[in-house]
């Protein structure tokens, strides 16, 4: 598959006087991790919301593997293979860790799921395996709200890992993790690229962005100021100035 | 002409409904409390008025004033002792609702114990109707209702536009995010909201005690009409709530043209359903988010 | 004495069904319906009419009443589940009021304020259930079945979906769940199960009138759930038991005037609800929203 998995062209979005997306062109190449960076309020989360259909763009096109995503909603986006995590995690707080991961695989609205008993057993096994992958097996029966910060981040990742999604939109998934946990996190995420997953990441911490990204897009005030190789963008003094608050 | 009579009756009813509805909207708009006990305020005013003027023979105007004052006290007390403690602990919308409901249940049953479950009413010459030509009749009380509504809305309008508290309340109604961020003193503001909102219920209660009579369960309908009017008019719009109340009063009255009185009482809720189905943001809703 | 106790237990069983079915949506889905008494009434009237005109068999009356309740639940679900939860509460209250008006005004069908009297004795497989013992047995079986169905739903994928939507609807949707359909089904199931109680009630007391099916009744059912605990499937049954035992206990306090007992009960429940909401910061859902920080 040669073209980009996700392509935004000329996307605009305003809220009253605020320009949340300003003529955005962005391509997500397959099998790579693209990181969106930029100061607070640059419109990074807004782009995710536009892609998944939480927000409708005022103009422009958004295509997933060539097919338009306009008019979709978060649920349909999920059914088309997009998995999204949130900055504020949005775990199912009163449910156990195991249930959080299992529930995500059960999409049917009816009181029964596809695949009968065998399907149910498969899903359970997959949930257990994923919990083992992220190191949460010991927390299996704890309520999600009772987990520590790092564990909650990994639970959020587990929910993504367990979907069959081919495009991941992760909103600051590893922020605040200690270096050891962060490495573990990155390894888990990178490990899935070979399965054909394409990942778009929002990350704040410029120190760690370099280690995780294949490509970077720098946003400010809703516009993509630069996109390309990490080294070039991270060494650009002008962008650094914007990021650290010194406006031109 | 029956239709004209019904229209006039509807105006009277609508005036009272509008007052109740705006009272609820002021409270809900600025405090985000689902004040189910708004209906409880209503029966409190009514029964107090009845007790004072009928049982204790207090002159009616004094009884009415005391009852209206009691409404204010009740509303503010609920805010201070029930709602605020819950909201402080980050109680959810529904926790507050259940508590409000609980208060309603307690007061309603106290009323049953002291006054019995059947209708009470006060007879006053003000309910006698005058023929104003063409067979159309209207009572002094009816005229008073409309005039009082106009007067109160005028005062309210001035208050909301010209005083600091009023402007703050209005701003809050349209932008509840301001509650946290703006540096307004929430405690004082909510007191004002509950005081004013509860006061607005008084005229309807006083009139009802004289005209239709009062029962302990009347409160449920009152608060539901208020909520329905707020939804129809649009959550966040005080004018909308008033307009919604007027529409509901007119609709209920005009419905009698084709339906019996019993059925006409359900009309308001059918209209409510239609709005939830087709236009949940209401007519003038500023918060179209659903 | 035995008759009195059996009568009480039958009412407990019926209330248990009401409470358990309501807790399904309040405790597990976070959907606050105040229309449960309306569905109770719709089923009671349906059951009475079926018994009087079609068949006295429970196996006929109960399924039909359940279907009617489920279908009518769509009247509140479809408009209001698309929008925020608060609208559902309002819509349910509206339905409750409309239902009461229908019960009181549709005289040709419901008998108006006087209601329907002379509901014949229930039958099951041709067996006339005219003894209290037999009716109690059947009520208990119905309670067990309803509780079992809810237990099954709660501990399988549907229950997980409901809880996920309750805990974070946005996240649930972003993982492919359809909150509107799931909630609509949940409300339909809850209303249908509530219908079982309605039919049993109509047969047991052999009359139905509007007075029984008011907002206050909805509040009573909610009180059972709050007191019994919303976090478990069985808790509401305990709540039903307590709420039915309370009046019996009150009658022993002979200094209380008999005609005020019903009101006093309600005052106690009302006060309990207010106090619980104020002093139990976890609110309605049986578990705490506060993080347990022990042992970390």
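We just call them A, B and C in the order they show up, numbering each chain from 1.
To be clear about the criterion, a contact is a pair of C-beta atoms (placed from the backbone, for glycine too) under 8 Å apart; a residue touches a chain by one contact, two chains touch by 3 or more.
Since the model is a prediction, treat every value here as computed from it, not as a measurement.
In this assembly, A is the chain whose CA centroid lies farthest from the centroid of chain C.
Distance from each chain's C-alpha mean to the overall C-alpha mean is smallest for C. As a whole-number value, the distance joining the C-alpha centres of chain B and chain C reads 30 Å. With centres defined as mean CA coordinates, chain C is found 42 Å away from chain A.
Centroids built from CA atoms put chain B at 48 Å from chain A.
Along chain C, residues 289 each make contact with two or more other chains. Of all residues in chain A, none touches two or more other chains. The touching residues of chain C, counted against chain A in their complex, run 153, 156-158, 160-161, 163-164, 166-168, 170-178, 181-182, 185, 285, 287, 289, 291-292, 296. The part of chain A that touches chain C in the complex is made up of residues 52, 73-75, 77-79, 83-84, 86, 90-95, 99, 102-104, 106-113, 120, 143, 145-146, 148, 159, 163. In the complex of the two chains, the chain C residues touching chain B come out as 30, 32, 75, 78-80, 82-87, 89-91, 93-95, 97-98, 101-102, 104-105, 214-216, 219, 222, 226, 260, 263-264, 266-267, 269-274, 277-278, 281, 283-284, 289. Interface residues of chain B facing chain C in the complex, by the touch rule stated above, are 34, 82, 85-86, 89-99, 101-106, 108-110, 112-113, 217, 220-221, 224, 227-228, 231, 260, 262-263, 265-266, 269-270, 272-273, 276-277, 280, 290.
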